[in-house]
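Here the chain labels run A, B and C in written order, and each chain numbers its own residues starting at 1.
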């Protein structure tokens, strides 16, 4: 497999898991089939569309390559029809979301570097790709955006993006190390969720109600 | 009239009805004149700006052609000054919204095809053009986005977009049939509203509260 | 200093004050360090990213020039660590927001004119640059967008944008007059806040609850 095939497969995997995360959130809100697919689309393709607009790759892959929309639709519909019990969906959403965050951060940072965006900008584009879909999903379903919640989220993505830029700089950006970077983001996010790791709050701020 | 003149007039008509839908929603929320015009602008021009960013037509028509902004401003101000009774606005918003949905879906799909976006992508761009303005209007006025509500909405738009792509494929995309496609979307949305047609809910999901 | 240096410094000043406004709002909502920096980023860079997408300057300055992101991060972190009392933040947010509105309106309108956007479109792009960051900040922190509130806001920005376009037309767009235009927007917004100036409400609309 060439590097671009690996990137495509990783991207489609990210689309599938983010679509599933969006669809799970929409099913939990009792939206109908099309609402579920729509939220799945936004969660799956929103981050990548933002990325492609920023690096001026138009039309964005989500519109130019039918495999993206088809993957998002199939994954969303699969969650709609096959999810076993609604009560168990919330943990699933969080794990799928962490996987999508990890995959999209790495592929988004790579795409930005390939498009000639400088190092710091590429980190931000990678983070934006990673968190964009989840942000859209949360705004649509009326949840407080996960990125603003206490546990480490955007910072896991940013850390992964910095790792990818450093690997690229040092010429070590081979598939194995990139997958490792994604796994580190994924693990960091899951551990942060389980241990309720969070960043400090401003000095003098009362605890949230 | 040439095809491009027809497209321009249809587009401006869509701008006017979506501006009126946004302005009506804003008047119902008791916003002031500039809030009303702002929500009217977002509703009228939001979908088209998204479309133009996606197909890389920059600056978007809403900024490049003064007739778009002027139409949106005049329609919004007209609703502000002339609306007869506030209590009757909600049904009006829904009918204007259906008309804008139909017009923008057809013109958005046509624009995407003309810009070389492939078939499935053009359907999505058409749907995005149709639903984008209403989505922005609902987010700004704090309503649950109409696209996520029970009655058929995005699917009416998607159906219209598919029809336009099929007409284009078969070489039948003449103005008469395109107008017919728009009327079918409009009628489908109105009937869905009246009959409360909705898509299925996920198996096992309790009814919404 | 050349004109472009002045534009850069004004832009970075706008980034700093809008980042501080976003960070102040996030601290008031008791978000953690990364939530504060994230909201600061959106407030500081959101308007400019929108502007650059619209005028097709890609990647947007916020990603292409590290000084933008660095300024936003430093300003946000400074607010996080140094803000003296939470109770006094809200007035500070409003004053910083007015300064950012004024600066971004003028630099955004100039950038749009330089990119060849026609007069009316340039006014809208300038207003969008001015209000975009605050809109994103308010959506993220769950506030009613300041642009939709009673006091003169978007209209101050639009007035400043029109002034810049007129100065450009008449060949008088020298730094001194552009700074004057920004100061007029700033003063107009502050006076509107203090005097509770507001635009008219639609005839027949009851007062807001």
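Assume contacts are C-beta pairs under 8 Å (C-beta built on N, C-alpha and C of every residue); 3 or more make two chains touch, one makes a residue touch a chain.
What you see is a predicted model; the values in this text were computed from it and never measured.
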Angle of rotation relating subunit B to subunit C [CA atoms, steps of 5 degrees]: 120
Residue-number overlap at the subunit A/subunit C interface, same or different (half cut): different
Computed distance of Cα centres, subunit C from subunit A, in Å: 29
Residue numbers of subunit B (touch at least two other chains): 53, 56, 139
Footprint of subunit A on subunit B - complex, ascending: 53-56, 112, 115, 117-122, 124-125, 139, 144-145, 147-150, 152-155, 198-208
Residue ranges of subunit B touching subunit C (in the complex, touch as defined): 26-27, 30-36, 38-39, 49, 53, 56, 58-60, 62-66, 69-70, 80-81, 83, 85-86, 139-140, 142
